[in-house]
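Below, each structure is written out as structure tokens.
Next, two complexes with chain A in common: one pairs it with chain B, the other with chain C.
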Partner chain A sequence: MTATQAANGIVGEGRRKRVDLSIPTFVLLGGLLTILVVLPLFWIIFYSFRNDVDGSFTLQNFASLVTDSTLLRAYLLAIGMAFGVGILSCLVATPMAWLVSRTDLPGRKLIRILVTASFVTPPFLGAIAYEILAAPNSGVLNVLARKLLRQDSSFVMFDIYTFSGLVFAIACFTFPYVFTLVSNALDRVPSDLEDASAILGGKALTTVRKVTLPLVLPAMLAGTLIAILQALTMFGSPAILALPAGFHVITTKIWSLFQFPPRLGVAAAAAIPLLVITVMLLRTQKTILGRKGYTVMGGKSGTPRITELGRWKWPSMAFVLFILSLTIFLPYGAILKTAFMQTPGAGLTWENFTLRHWNFVLFEFSATQLALKNTLFLGIVTATAVTAIAVVTAYLVTRRSIRGAGYLGILATAPVAVPGIVLGVGLFLSYANPTFQLYGTLWILLIAFMTIELPAGYQQMSSSFAGIHPELEDAGRIMGASRLRTLWDITAPLLRTSIIAAWCFVFVGTIRELSATILLTTANTKLVSVIIYDLNESGDLGAICVLGIILLAVSFTVVCIANNIPVLGRARNVMPRG
Partner chain B sequence: MLTKLIRTTALTCGLAITGSAFAEAPAPYDITPELIEAATSEGSVVFYTATDVAVAEQLAELFKSTYPGIEVQVERAGSERVFQRIGQETSSGIQNADVIETSDAVHFEYFKRHEWLEAMVPQEVADKWPEDEKDPDGYFAAYRAHLSVLAYRSDMLDEADAPKTWNDLLKPEYSGKMVKAHPGYSGTVMSATYSLVELLGWDYFEQLGAQDVMQVQSSTEPPKKLAQGERIIQADGNEYNIFRLQDEGVPITIVYPEEGTPIAVGNAGVLAGAPHPNAAKLFYAFLFSHEAQQLNSDSGGLRSFHPDVVEKDSRTPLSEIPLLHVDAEKLEAMILEIKSNYEKFFGT
Partner chain C sequence: MSFLELAAVEKKYGALTVVKGVDLSVERGQLVCLLGPSGCGKTTTLRLVAGFVDASSGEVRVEGRVVSSAGTTVPPEGRNMSMIFQSYALWPHMTVFQNVAYGLNLRKLPADEVKRRVHEILTVTQLLPLEHRYPGELSGGQQQRVSLARALVVKPEILLLDEPLSNLDANLREEMRFEIRRLHDEFKYTTVYVTHDQSEAMTTADVIVVMNDGYIEQAGSPEDIYARPESEFVARFIGGTNILSGARLSDTALRCNGDFVLDCGSGKLAADGKAIASVRHHDIHVGETRQAEVNCVQGTVARQIYMGSHRDYLVTIPGGETIRAIAPVEVKLPVGDSAWLHFPKEKCRALSR
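Moving on, here comes the complex of A and B:
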């Protein structure tokens, strides 16, 4: 009894000495996020009410949203495309995630790695790969189909330059968002709940439907939401596939408004409905999730249960292989082939083999080295900064330790509503002036990337926090540790996998960002994504594929290193028991 | 004539013109050892260009081997993108580029009007360039010219079946077989669209828009789509890229319709306040040198105004082709009309 009292005394003293840093952290974060998010938004709103010619106040910009049929059309197509991508991603990713996380499907680890690979693939590179594969006349798949089916040149099996082609090409590289979130969630669903269902006589499918599925529903929704928003605000793939097809989505339309003479006011006004749509989507998600508690990791928890597939093994395998060939094998094959062949359409023979694209990119093209260096630097710095901010923000918000913490969550999520291209403008207007003079430096790109990636990092971290019951932290707090100490000693180790995953999410998101980048780069701040886009506009497919391969090699290396850093600890497959 | 035109343009835009800004062109300069030394000590030159990236990089290589110790940073994008970029940079006080080159004649009138250019005249330009192809005040000169041509894959389309005139492209049999570049991105196509609207009216484009044309951005791209076999006819696109592909053995035939073919003149100039002024001056003079112009012609397929440049025999000389020239002033007034009509007929 005395021992306990003594212990309490020591702990109590310890508690008094250590300052709780919650409030300063909150203020600092709040300030930082406000600058990151609110400033560009302010300028966008300001410009949307401004007459481009004389700078006077006007409502004309908003009027043209209703009267200009090209803008309306672009909006409808973009929304249609985004939902198409979201639904397709969810339909493909959820069964795959379940197969990989909760069944005895052979090669599960490899499948996970391959899905990650399709996530690392920048969508614009994927779009270019599908140009090579499924362009109506020269597309490799069409040529092959013609040969196999003995058809003449008028026969077209696939046409990527269509609306559905665009949805497909984006979904191929967006479904990993859903997959990663759902499979992480499935990893964490404890067996005791499923056991309870089994004990009460539920069949395997009933358990999946009534227990497992509802528990991963938030992850599914969050993933689908990210996929929808990614597609809605995506610039690269539509620019590559929709423009040849003869239609605009809203991002490419806004981009076209910046051609000389720029129509800044209309562009800013055109961005605002996107903001509204996104806020509505986020609110919907919140309402759905708000109904139930979804805590899955408490102080006690068992390992996830594995379902035996039995005779379903081979059909499941075929399904997974089919998806992987669409998202990995075919596009990568096309990129590799194009990088080493004279022309993309050339047959696979030794005569057509060439290293001239490599020679051009590595030795003749003056932008390569600088772009690679910039890309790598920005990727690593952005990922580290965003992950740090996301962890602290998500903690403050999910634990509601401070009044007004919810405000941070809104700020951290808000950039998701701002299309990269519009954020690019906002940042350009905010920081390309005599006070800051950041345009033309890497810093403006860093700010852009941090702002753009924050929602993804934050979503990931907050859904992870939501899955950890506060009882573990409460234990730490009761024992007298400060909030930050608890966060560092208890929560962070539990979140290791999620933190690494979030870091990689952001890193990959950064190196594949194009829409804000394209307005913010200058000659000295070139990035690989931009030179790929520039090369695409002049049709240099060979050089693009070489650069794409280099970019992918670098990304994979970094992701592998991140997953194996000893300080963070190797990601463990089994979650620690309480 | 050109001076008058510029004055009128400037006046219509309501810009005050100082007397000094439009004085006579400065005295021509030679490439002297002092200039080379000063340029070498600056170490690099930044070149914003709209010429095909492979051609521009080749030119940079020639410069680097001629003047060792000076790096060339080539920034290639479509003319309208180059214009957008330089506009963004200049308006936010960034001086990045030394020498600039685009194929849209309107740009250089605009640069000059806004005093973004530094007047200077290389000796070679003063001695050998035709009067029409250089700015009388010495702010820029025609670095290259090329045509925007009608062309087809000769192995996939018989000569008899191939289009002969612009209006032939409207025939139903060519529906779904054509590719064309975009005037909002390419200066060449902006000029070509203007010329063809003057010649054939918007009717032509309205009907062409209904032909299921594949839309690409840069005028360097349609020839590449032909080489790929994605489409068999280009409704517009660079002549010089076709020359390059023909040299590689790709079977493409150019058609020069009797009504005329649009020509785009690519001007070059040195920016005022260039970060590497001497290297810029040296590079600018180099651009107009016989060696550079001959290289542009030989492997770049570009047309040159240098009288000593010898063109390959396989190419139809400019003198034998009916040409459609651009009036920069009229084109500038038409830019918005071209963009909105284009979007109406082609969707983007």
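Moving on, here comes the complex of A and C:
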């Protein structure tokens, strides 16, 4: 504290000198976010140019991306798979979204809820469900088909351990991305745009083709890109379905480079194109959605118009039910059945009913208790830490109280472009060394989860801060409350709902994470998701399904809590009208 | 020494200067209106006074105490001021009572004293029956009154209002204007009021400060500002007017485009540069014949609208300018006819800027 500042304090009529916490907070947060986001990326780049053996500079790692045919093939297959998933998701989701938003299809609300439910399903659990359903020999559907068609055991109707099987199994759990975006867009297309086409003589179908479809095209593309991105960076499903089928995609390939003898340099080099593709896909998506006048339509134009399906009602219903049974009913049925039956293929009889798997998982299998405890611990700590960081960052960014606060926002959003497996590589390289020795501790997993979940938490909080008019805080200040007091009395109560929601979503995201976890976990730091993956390798499907049900039950409970927090009921809508 | 003083106050955001050296004195108990178009710096000036914005240079003083200067800013909570915001800024999670009581609770008054004072102010603002409602359950006008009550209950040294009526519909706005003036007459708080609506400023203010582009154009009583504008901007912004330009003949006379001499009864032309004068629409006499020796010009009727109480004329004069004039209903000249305009000398105002 310099003399002039002290003197100025006196000029200000000897008022209590403010302790301005914003600068130290800013520095601390900036440092933390930099460590979380920039450090792993730095080490990836560093290692990608480093010779694993003697530590010298080399371009060999990048060269092997092209020369090593297994790497190149893994990339090509991954890209092919991702586009397959994207297209399939779009083809299924768009008609469904239209049926649900714009027709008189019965049970539309319920369908929406069911589709959203497949959001909550961890994709690797879906892949395992399809293993149970459509494995070539033991798959429930194949067994059933043999019975119905009176074929012998060499007959295989479905084989999930194929490229197309993999695409299908992933698409089942990524199509909700397209569905949600498209149906939201359809909800917002004002009916007068369509009425205008109708009044000019456009027939119903022409209107759909010439007006409605072009208007939701950006949403379709954006959703498809997200589905592609999800598929491309996914580890669980390919590891479960592609490895038995005898091929690698890039995520599983990177993981295999970590197996003994580890080839860290090549793994780092292989991670970089994945990072670049992700950034490009996200940029494209942003550009598509960013053309505001085109996609976002003011919601004032009354209810969207509803097409009467007439005689198409039942075929449409059948279509929706078919899709829902593929994505919800069959997988969930398979998981439930396997959890309570002696063998997955056995008939649904009392003799086959057993609680053996539950007993095994909960009491006999030593790893479960630890994994449940670890998962719960990490979920709670991550959710709390991320929410706290997100709140402070969003406050500094949206209120612009400090110059340069915008950079914090960029840092907090950046991990969205870092695929889990890439982050896993980066964190392994950053912290699994003699200096930090974090490998094999829960801390490295905590760092990973915090980084992965930061963007979601930050985006949630910054949009809720944006929803709180700054004048509400100004009013507190001018009435005589200090900055902190205002935060406590006014901002905090208004944010309560969003804080709880953000916490819940981070928690759910954390307990199902596998892509980064798989590289960072050891025997002492097993998580439920990893145990599920391990048990899959040993073929213990019953135990997996029990764990899956536990995971799902926790996720659904938390999501329900998040969706049903009493919103500040009567207190909403205080902004002046007009 | 005035109660509130702004001395050469400037505010810069990077390269952009929003407030460019504002000097202003407000006496105790006065209601001062900062009036100007959007982006003129009036809201920034208000927020400088409130302490939400730090001054880049200059000083803000209250009773001689410096509260803002280039280096230091007493935070808003240390100024014992109150503010009414454009959005009302009522806290949606608190009832009317809680909103109003908040400032008193911060001042650590005993509970029964808080209750007494809140009830007192709610009675004055006719809100007592609504004390347990949430802001979301109130109409716009009621929200506005809660915001007034909340600001007045703490007995501030200075009351600040930031476009408080801009979110109300026209009828309510007129009613609230008189309400604000009534409350001011009752409580006599030193008040700074920001608005872009000139009739709002006219009805409420003791002193109107017209701002433009970060400067003060002119400050004075409503009558000063309306009847004796000093610049073209003020003349146009307040009340609407015709601006006639031409060559300077003396301090008060100019030869206008269209070759006629306009002799002004007040004001002073700029010593050099363009000579301009202002004549208000309803001060011009329109007739078929020439009505005086000087300050007259013949033009052509370009538009004439019957408004019930008067006729609204647009007359094109030889210089090419179009003059708008208000005439009695009896003066009826069809479009295309010639019309004589007479600008009475005492109504012509020479402008220096």
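By our rule, the second predicted complex is superposed on the first by the 365 of 578 C-alpha atoms of A that agree within 3 Å, B and C clash if a C-alpha of one lies under 4 Å from a C-alpha of the other, contacts with A are read in each partner's own complex, and residues count from 1 in each chain.
In this text, contacts are C-beta pairs under 8 Å (C-beta built on N, C-alpha and C of every residue); 3 or more make two chains touch, one makes a residue touch a chain.
Remember, it's a predicted structure, so these values are computed and weren't measured experimentally.
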| request: Classify the contacts of A:I490 with the two partner chains as first (chain B alone), second (chain C alone), both, or neither. | output: second
| said: If we overlay the two complexes on their shared chain A, which of chain B and chain C does A:G480 touch? Say first, second, both or neither. | reply: second
| said: Contacts for A:S538 in the overlay, against chain B (first) and chain C (second): which applies, first, second, both or neither? | reply: first
| said: Contacts for A:R108 in the overlay, against chain B (first) and chain C (second): which applies, first, second, both or neither? | reply: neither
| In the superposed arrangement, which partner chain does A:E471 touch: chain B (first), chain C (second), both, or neither? | second
| query | Contact residues on chain C for chain A in the complex? | reply | 50-52, 65-67, 69, 71-83, 85-93, 102-103, 106-107, 134-137, 140, 143, 150, 154, 160, 167, 169
| request: Going by the contact rule at the top, pick out the chain A residues touching chain C in the complex. | output: 4-5, 8-9, 11-13, 15-16, 18, 469, 471-472, 474-483, 485, 489-490, 493-494, 568, 570-578
| What residues of chain A sit close enough to touch chain B in their complex? | 70, 135-138, 153, 161, 242-248, 252, 256, 258-262, 343-345, 360, 364-367, 428, 432-434, 437, 439-440, 519, 522-524, 534-535, 537-541
| Residue numbers on chain B that touch chain A, as the complex places them | 46, 48, 52-54, 57-58, 60-61, 71-78, 80-81, 83-85, 87-89, 92-94, 96-97, 156, 182, 184-185, 213-218, 220-221, 224-225, 227-231, 335-336, 339, 343, 346-348
